[in-house]
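Please go over the structures that come below.
Look at the two complexes coming up: chain A is in both, with chain B in one and chain C in the other.
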Partner chain A sequence: MTSKYKSFEYMMHPKSVAIIGASNNPDKVGHIITQNYLDVGYSGKLYPVNINVEKGGKIIGIDAYKSILDIKEDIDLAVIAVPAKVVPKILEECGLAKVKTTIIVSGGFAEVGEINLQESLLKISNKHNFTILGPNCLGVMDPKSRVDTLFLPTFKIDRPRIGGVSFASQSGAVGSSVLDMIANEGFGLAKFISYGNAIDIDEVDILEYLEKDNDTKVIIFYIEGVKRGKEFMKAAKSTSIKKPIIVIKGGTTNAGAGAAHSHTASLAGSYEAYEAVFKQTGIIKADSLDDILDFAKIFETQPLLKGKRVAIITNGGGVGVLATDSIYNNGLIQPELADKSKKQLRESMPPIVNIKLPLDMAGDANDKRFNDALNIISNDPNVDAIMAVALFQTPGADSRVAASLIHFGTLMKKPMVVVSPGGNYTKAHKDMMESSGIPVYPSPERAARALAALLNYYEYKSKNEGKPARIKR
Partner chain B sequence: MTSKYKSFEYMMHPKSVAIIGASNNPDKVGHIITQNYLDVGYSGKLYPVNINVEKGGKIIGIDAYKSILDIKEDIDLAVIAVPAKVVPKILEECGLAKVKTTIIVSGGFAEVGEINLQESLLKISNKHNFTILGPNCLGVMDPKSRVDTLFLPTFKIDRPRIGGVSFASQSGAVGSSVLDMIANEGFGLAKFISYGNAIDIDEVDILEYLEKDNDTKVIIFYIEGVKRGKEFMKAAKSTSIKKPIIVIKGGTTNAGAGAAHSHTASLAGSYEAYEAVFKQTGIIKADSLDDILDFAKIFETQPLLKGKRVAIITNGGGVGVLATDSIYNNGLIQPELADKSKKQLRESMPPIVNIKLPLDMAGDANDKRFNDALNIISNDPNVDAIMAVALFQTPGADSRVAASLIHFGTLMKKPMVVVSPGGNYTKAHKDMMESSGIPVYPSPERAARALAALLNYYEYKSKNEGKPARIKR
Partner chain C sequence: MKLMDYIEAHALLEKYKIKSIESRYISNSGEAIKFSDGKPIVMKALSDKALHKTKSGLVALNINGENQIKKTFESLKEKAAKYKPYKMIIQKMIQHNSENKEIIVGGREDPQFGKLVLIGLGGIYVEAFKDFSLRVCPISKNDAEAMIGELKSKDIIAKTEEEKKMLEEILLKTSSMLVNNDIKELDLNPIILHDGTYHAVDIRILK
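What follows is the complex of A and B.
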């Protein structure tokens, strides 16, 4: 275990946290951070620190301190939210107080040209032997240990439930929007790490930590630029054979790269170079924020896809047609069902249902019909995955259909995705299914892209484990 | 005006409707249709018809009839929801009763191999000189006249508000899912037409009607196959110069085409042929259900995009980077702001804000900063459109920022799109903005695709009006 690993442990499971820049003024970042620690139910010791506090003063009802040096207990983590020019002095005090690790939320460093000021920080932390996350970042979130350094009010951004997806973002903005979206999708968070200007802890350290973190099943990453290219490749290779890494790269165009440089002083590098690295290291490339969410939820909940053969069942013909197009457009195929399955389906489905894929069970399909189809097709040896189109607008579809999809989706050893476009009634059923670990998509195209990502990762993983997959075609 | 046009008028504004197959049994399609006419507040005369009704009997509290021939008043529209084999007899009675037009909701015709049965229908309607929509369809919806023949319960599918988008779908399933999504997006519906097997009224008739319909500003279409190719091209050409036609084509792959044939007995044709037709006729091609919604809402609310130059403003750096990538990936560009704008922005923005595009106004940007930026940039002659990234997770963003976006988005003569990824708090602001006519997207990529569609349509339209656009580059 590296010392950086320990730093992460102190950030994610601190016994004591000092918030430097804490305030009673609700407009101040330090106020929001302190309030959030209280709101999410952090159970360790919390020490608000503010230079202006009077002796015996309180911040949000908690005993507050003028300086971290006034605190007599050990401090695992100092969260620093003070103006940039004061940060070096604060860091020096953190060193004297022997804090284990720091998160510098404050901006105003290299991203606005203050390169010398930024470089001075690392000298201080190296001298005192502690680590820095940031500056110019949101810090970390761990729903399990209830650590939450985000300076974003809980009413503005929903907090995700506990789960298996860890998310690291160079950008706080991308970080907070995606967190908010994660909270409203049906999957949960292991760790969130916003690392901003990355003067000390960087992508490589984060990958090395998440590789070892047992709560992390899937890693998603927003990256603008990577400084330690070789080490990143090594860490990505080593990690991606164990857990999928999904990356969205900011600055893939020349103009975007320019914007990235202004943003986090990152050198975005050529996109072709990144694409080559992604390919070599098994990193799964996301082309949009939609991809990030769509891929993360299938990887968190579903077994890997071990072949191209996707069986589509549907209670709406037209969406079945679009679903069929979508699997072929994403390099997947529609198999011929086994004879046994065909016979069983013919016996159980009404005469108007044509026994072939896509299986159009008609607009009046109810849970009985879904049950029979799922039971038969999930056992068909010709099928590698099921895409179930469940349109909840139809007369026969209700929560019993959702229950049937949950039952067979959980039982079967192959991936299942559900496609349910719609409004409020559909949303209720989507939430039901997703909270039971069944990924639901608003369009066949997005479900098919996610299945393809699952298959590509399986192929990479098997090849690099020395047992190349033999994909049935 | 053709007689088909009159048929649509009778469907959309009937003074009297007979529902044949109406029932007190809530599981029956005829029950749901009758109930929906009541639920949505149809103000004309409603006549439930059922062969099993006793003299003086009622259906859902309304006087019911054994046969349409027992009704003494004129009937503008007969909605038929009885088993397929009874339909010819019912149609014959409709003819004798001199109904103006019919919608056959019932399935069980060519799509299940009953070709002769299907062909018998047209003979009857031709003899009696009325038209047929369907069979195997959902019929029509017009939120303005409160006509709603959908056999889908109102609690399962949200009904869109009144608006300018008309939607025609060969598939009932695609139709109902998209309607449900439309209702949950911020735009409204003019007419919905589900036309199923299209034995009489087809794509060509629908286009000719919607071309003339004053309530229709934008047309969206789900098509599996077109029977009258030449006439369709002619109608599409004539219509698309007046209003945009957005088409999603089912059966673009061989397997999808096979599925389409089983579904509505359509011959999907080669996708290349369709793509050529789309290009020649100015039809805007949607690649997914997401595209359909994303394109429809920008066309309904925004002026056409008359150049490639998109100015991005953002309160989050990383999403600004992704937004920049997205416009270049969609053939758009980022201009240099005019010197006057730069000067004005430098005076109004705090020093940490870099005065260039994308304009990153920083995470603490409030309505004041949005106001100033929007005011200056919307008047910049170098800018053809604005993409405003408004992240409502940030401390400074609240409903005053949404109000600012609404104010300038409504005022300016150029298109504006907003990008706001997020959860519940964001959703509330999205709804606010969309109900005021500002299209909001969950990712920059989707917003950029919509802008590109707006520009492509403008280029087609200007070329075909004999005044080719000179797009500034």
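What follows is the complex of A and C.
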């Protein structure tokens, strides 16, 4: 039997792919998948398969086959996009053709009550010793090896650049919308796995694969429910020590739960059980899609936050006040700067700037003021992280301020986040900074939540690596 | 699910060295008078059909003296009539003290993750404040510590290091009882923290 790990390797780095249900008709899912393989520049062998193809026929200009059995070459991956009732027959043929692994994109199984039809699939794959991802899923994406089984045309959904965040999603809808959002955030993707009804490959297999995958630095996960609870906990524990796992759980309300027989059961429902699991396994809980993206980008780009002390610098007083509130609301604190820093700041800042945190450098603060403040504060031993509020609406702020933030944010050994609420001019600078690895947030609250997640993960990790967590207070 | 007999549940707790208050069934008020021996007692009617004993008026606290015991026995019998079948039980009364605190410790079996253990602010405040924390069993000492640390009421129910340690021990013992027995749901509510020790005064185990 192909191991689940090996199956993922075949999916992400296939030397040959058969697309069953490929078509010249642009309305067909199989057409879009084939076209995508071409669009993203897949370099292995591609075999479109369609029962209606004539001998010597072509699909999107590539030699096509009537059946997978007509291809007399090794096939690593079969992507299946045919109507549900035909899938068992196709799977049987995949078995005879000795494919290594399959992705069943087709829907129409347990999600619409066709439980027997779904169960018949697993019997076939077990008999022939191959694995199944899906059914009812989008499949996988690996921008580095240029693999893309999504049936969403490249003009409709942007593809993220290559990076260190891997994303697994039970739901295809959450999967595709988050991917589109990732492409427009400042971080890149390592692997995308949409696993749908999870009849064979499930959450546990995915975690075990991503744990070992060297390209994956951060894992984000959308789950509705896990199938193997205890194994999931084990895999999550072992993975979260090595890399952060950020989970958003769908179905957080216990709607429809029956009357409880005890106080405990009425308090501790299924979602509360998941929350307990997350705490015990070091999983970082995201409460919204915003959280998912906000957390992913700080974890991908920044070092871990090793203490609570966040220094805020700002070119606008009011947002500095809001930023201070957001720090405390998220369990972080604002330190007192070291005397040496105060002295240096006093020498470099104009007299209107009050030398205390939050450091309000005034609306006319230019790149020189940002440079001096960042240079001094990033070296202050009382500071664990910097939140830089850069309001690009102000007279002094332009691209040189963004360049200054990029310079210090990249070189300093402590985490830095930038808060820049605003419109198009701000967005241009956000994109500049994010493509250089500086996480930028539209509000202090979201930046503070991300910093708190960074600290919580550090605390979990140090506690569970056997080293005491030394949190500076 | 079936409710475990109270005395059997009491014995199970004892096996795991979880303290619960001395209790016995009675069939007449004479047995209660003898058990009381001049000290205040608690009398309860137990029924599968009444989850909220206090709300249903099936608990009488601090009863003392022959007359009061007799009267209470009769009035509880009357109130319990609509929850048949029921059993009458009496317990030693923990002397009321404003320093006493009530907590809940509980558990349930989750279809995905197995046994869960819970601690929270207890007694009549359980559902009003919903101040509790939860973990999957078996729990470690670190887990127990974190569970107590998460409670909003931690400075009320676990002010001192000794109190924290006591609660941690209850949690660890409860976790091991849950893991090793066929228990679907468990409520120890309340456990009264008093005089530097504690006693579960109500036990509900569903098998």
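In this section, the second predicted complex is superposed on the first by the 456 of 473 C-alpha atoms of A that agree within 3 Å, B and C clash if a C-alpha of one lies under 4 Å from a C-alpha of the other, contacts with A are read in each partner's own complex, and residues count from 1 in each chain.
Here is the rule we use: a residue touches a chain if its C-beta (ideal position, glycine included) is under 8 Å from a C-beta of that chain, and two chains touch if they have at least 3 such contacts.
Nothing here was measured: the structure is a model prediction, and the numbers come from that model.
Note on chain A: of its two partners chain C and chain B, the one contacting more of its residues is B. By the touch criterion stated above, A:T426 is placed in contact with chain B alone, chain C being left untouched. Contacts of A:V53 after superposition: neither chain B nor chain C is touched.
When the shared chain is aligned, chain B comes close enough to touch A:G251, but chain C does not.
In the superposed model, A:Y222 makes contact with chain B only, not with chain C.
With both structures placed on the common chain, the touch criterion links A:S262 to chain B and to chain C. Judged by the touch definition given at the top, the superposed model places A:V87 against neither chain B nor chain C.
Residues 260, 262-264 of chain A lie at the contact with chain B in one complex and at the contact with chain C in the other. Touching chain A in their complex are the following residues of chain C: 1, 51, 104, 106-108, 110, 112-114, 116, 118, 120, 126-127, 130, 132, 134-136, 142-143, 146, 185-187, 189, 204, 206. Of all residues in chain B, only 27, 29, 32, 107-108, 111-112, 151-153, 155-158, 169-181, 183-184, 222, 224, 248, 250-256, 258-260, 262-264, 287-290, 314-322, 324-329, 333-334, 352, 354, 356, 358, 360, 362-363, 391-395, 397, 421-426, 442-446 touch chain A in the complex they form. The touching residues of chain A, counted against chain C in their complex, run 225-226, 229-230, 233, 260-268, 270, 272-273, 275-277, 279-280, 463.
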